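All chains are identified by letter, namely A, B, C and D, in their written order; residue positions are counted from 1 within each chain.
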Amino acid sequence: MVKTNLQLRLQKPMIIVNFKTYRESTGKNAIEIANEAEKVHKETNILVGVAPQVADIAAVAKAVKIPVFAQHIDPMDPGSFTGHVLAESVREAGAVGTLINHSERQLKLSDICQIVKLARENHLVSCVCANNPNTSMAAATLDPDMIAIEPPELIGTGIPVSKAKPEVVTDSIRLVRQVNSKVTILCGAGISSGEDVAAALRLGTQGVLVASGVVKAKDPYAIMREFADASKPYVSQEKP
Amino acid sequence: MVKTNLQLRLQKPMIIVNFKTYRESTGKNAIEIANEAEKVHKETNILVGVAPQVADIAAVAKAVKIPVFAQHIDPMDPGSFTGHVLAESVREAGAVGTLINHSERQLKLSDICQIVKLARENHLVSCVCANNPNTSMAAATLDPDMIAIEPPELIGTGIPVSKAKPEVVTDSIRLVRQVNSKVTILCGAGISSGEDVAAALRLGTQGVLVASGVVKAKDPYAIMREFADASKPYVSQEKP
Amino acid sequence: MVKTNLQLRLQKPMIIVNFKTYRESTGKNAIEIANEAEKVHKETNILVGVAPQVADIAAVAKAVKIPVFAQHIDPMDPGSFTGHVLAESVREAGAVGTLINHSERQLKLSDICQIVKLARENHLVSCVCANNPNTSMAAATLDPDMIAIEPPELIGTGIPVSKAKPEVVTDSIRLVRQVNSKVTILCGAGISSGEDVAAALRLGTQGVLVASGVVKAKDPYAIMREFADASKPYVSQEKP
Amino acid sequence: MVKTNLQLRLQKPMIIVNFKTYRESTGKNAIEIANEAEKVHKETNILVGVAPQVADIAAVAKAVKIPVFAQHIDPMDPGSFTGHVLAESVREAGAVGTLINHSERQLKLSDICQIVKLARENHLVSCVCANNPNTSMAAATLDPDMIAIEPPELIGTGIPVSKAKPEVVTDSIRLVRQVNSKVTILCGAGISSGEDVAAALRLGTQGVLVASGVVKAKDPYAIMREFADASKPYVSQEKP
């Protein structure tokens, strides 16, 4: 079962399911979808990670062995910061990584830089979200483990960026690779079918960041399974 | 053991311990201090509540039966709000209330209004923090369950507002009572001894919001016990 | 010509035109609309104020003698605050007042409190915007010169709050008057005809805060004149 | 006299004086310092630019022919954005450029990206401030005209980064040049003598961003003159 950072970084393609703050993925529902994600992982050997709300991390991390991500952490070291989210606290609750700068929780440039650093110090995989090719390149210079490209205008639409704006994906990959050869590149926004996943991987990404397409689906298990099956042809042959 | 909102509202004086994001009160440490707080409550019958970080709420709420507060919730209903803290999520994790607008996590006026409403709808006790008599009065018009007066310049200093600026406390009580006869009034910032607690209660508050004075103490249990003992003479005779 | 705070406070009803950041009211266009507003004031003796962008305050204040408001100031005293808007700077540029907490530029509660105080110290009329009856009441406790009630969901719609949600206006007036007998109460959002203005005044407000209804109109002069004419029956007989 | 973007970009080294929100550089005082800056420019032919508060841009731009910068603009196109600062508005008031992301007015990554784009569309020179080598590199990928490196812990200290942390400057230059060969690199924070300016230029920067060292000086003219004289040996021989 994958859980170390090293393995997580290497096993591609990957599917990360952002639970956002949907009712369908809060509390008990979060555990249920996480269990289904783990089932898909076991059946397909495709890496499926989940990003529940902070209050749900501990219970989800206890329930499953697939990677659990926080949706956000704050740029602070321990101290007097009431109401903020420490890297330490999500790590101790069981998260192995964190989303950073999601378009619904955007951050100052200096804070992104600081959070990537804090994530590294706390052995959390860092996944910086970016809204366009330029900001993807900027984010890549900060040396996170992953970049997730998500044009916010497509989030939740069911229109996948890989189809609606393939040039956003290819431009992002091109610019990111100019400054960072190692970072894993995910693509998100609007992904709702296996074909959308395949389209993203064909364009050269190493995985997808999905949310409503899974969480709001009638059968989250079935759609995650469809995503994983569509990813299989893109599994790298190289030995980790 | 007190845990319903009604009881929580009635049992005064009360001591709420804000765990902030101190290392000493993160993860396992959070559970330890919460256990000690519960011990003090059992020994003295003074209400002691704890406000751990969001990632620690579930574990703390499982470990103790004293009231657990979130340090912050966001003004959103369930939806697409990656990285935000839902009232639902902290409630389901076991919180019975939430701090709102702490000086280290200040909020827009309209968001405070919305969060007080969301807290009520989600059966969470709302405790709005305010930095001076004017903002305390403004907060009181929004009809939260509690107001906590904390002059930010005294937070963490060990200089209690009840001694350094007693007029801040008495002015706040006077202004708050002009617009709200029911709200519970706490006072915070700089409280580090039983005498500080007694001074706050003598001035007319119904409890204290404390943080470093407890969490950073060599013996958090001992200082919470001192706070509780100092509160005993102020227990109301009225039957809840 | 009215320009002192005292007169400004007394002369009711009043019309304040928020220029927002419309192209139609930026730079030279700002001066043009301000001139037309002044013309309406001269013709009708109804107080018409204008709130141009910060960069346009100096030129507008030089061009007209009607009251010029800033759209926002920051809660800072002079110091190291690059990119912020000082009360002193807008005052020296010619503003006699400022909007505060407009729904498009919302502020933390403690900052609203501080800005009202700074406005008073700098002899600027303070007009705090609020989005509902509860926040209107909260704002009124901070003792600004004016409150402007603007339900954000109606802004720019052409559907006036005075018609669509008259109870928002009457509830706001009732709650505000419980805590503040002096503050001038304006109402905004969706006002686009003289009848809308009259409806607002009939409900008990002392004026209107308008924006797109004037600035985006084919003939801003004509619509401001219509607003002023509709206000005339509500001119108080009391001698200032 | 220099005022076109092209010339501004080419004429190096340059000195930009950030007026911040000091009382000594607000309103009439802003014009006075700007006049002195222009005098220094005329005497030395070293480019000296000024960055007054938004409310002062129009008056300063009318008084002097040296380049005037805004301290901040917002990432919006014209529209309903009360209280925000349009690129159009500062341009029309006479600014030829703008600071972006100053450490006292930090911005989200996507907003920096958008503002650089808006600045270009509005023919404003863009100068993105960054707090360390990593964020300087990230900022450089967004293709602004200038980067200003300012470690915030040194701002206002009188301890120049060029002396206290020369490796911050050299690391920044190295990383920036990996992704952007054209951007002008300034350095700021703590610069208060001609020797500090010379040290910054020796390290390979093309100019300095200064504030309190000039504005709070007893004789701003004298210190700007000292800065300009210290810059002379570094004037490039290449024909613009």
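Heads up, the rule we're going with is that a contact is a pair of C-beta atoms (placed from the backbone, for glycine too) under 8 Å apart; a residue touches a chain by one contact, two chains touch by 3 or more.
This one's a predicted model, so the numbers in the text were calculated from it and none came from an experiment.
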Contact-graph distance - origin chain B, target chain D: 2
Turn needed to bring chain A onto chain B - CA fit, degrees, nearest 5: 180
Copies chain C and chain B - interface residue numbers shared by over half, same or different: same
Distance from the mean Cα position of chain D to that of chain C, given in whole angstrom: 35
Residue list for chain A, restricted to those that touch at least two other chains: 103
Chain pairs that touch, as defined at the top of this document: A-B, A-D, B-C, C-D
Footprint of chain B on chain C - complex, ascending: 101, 103, 106-113, 130-132, 134-135, 137-139, 141-143, 175, 178-179
Of chain C, residues touching chain D in the complex: 18, 20-23, 26-28, 51, 53-59, 70-72, 76, 78-86, 88-90, 92-93, 99, 102-105, 155-156, 211-212
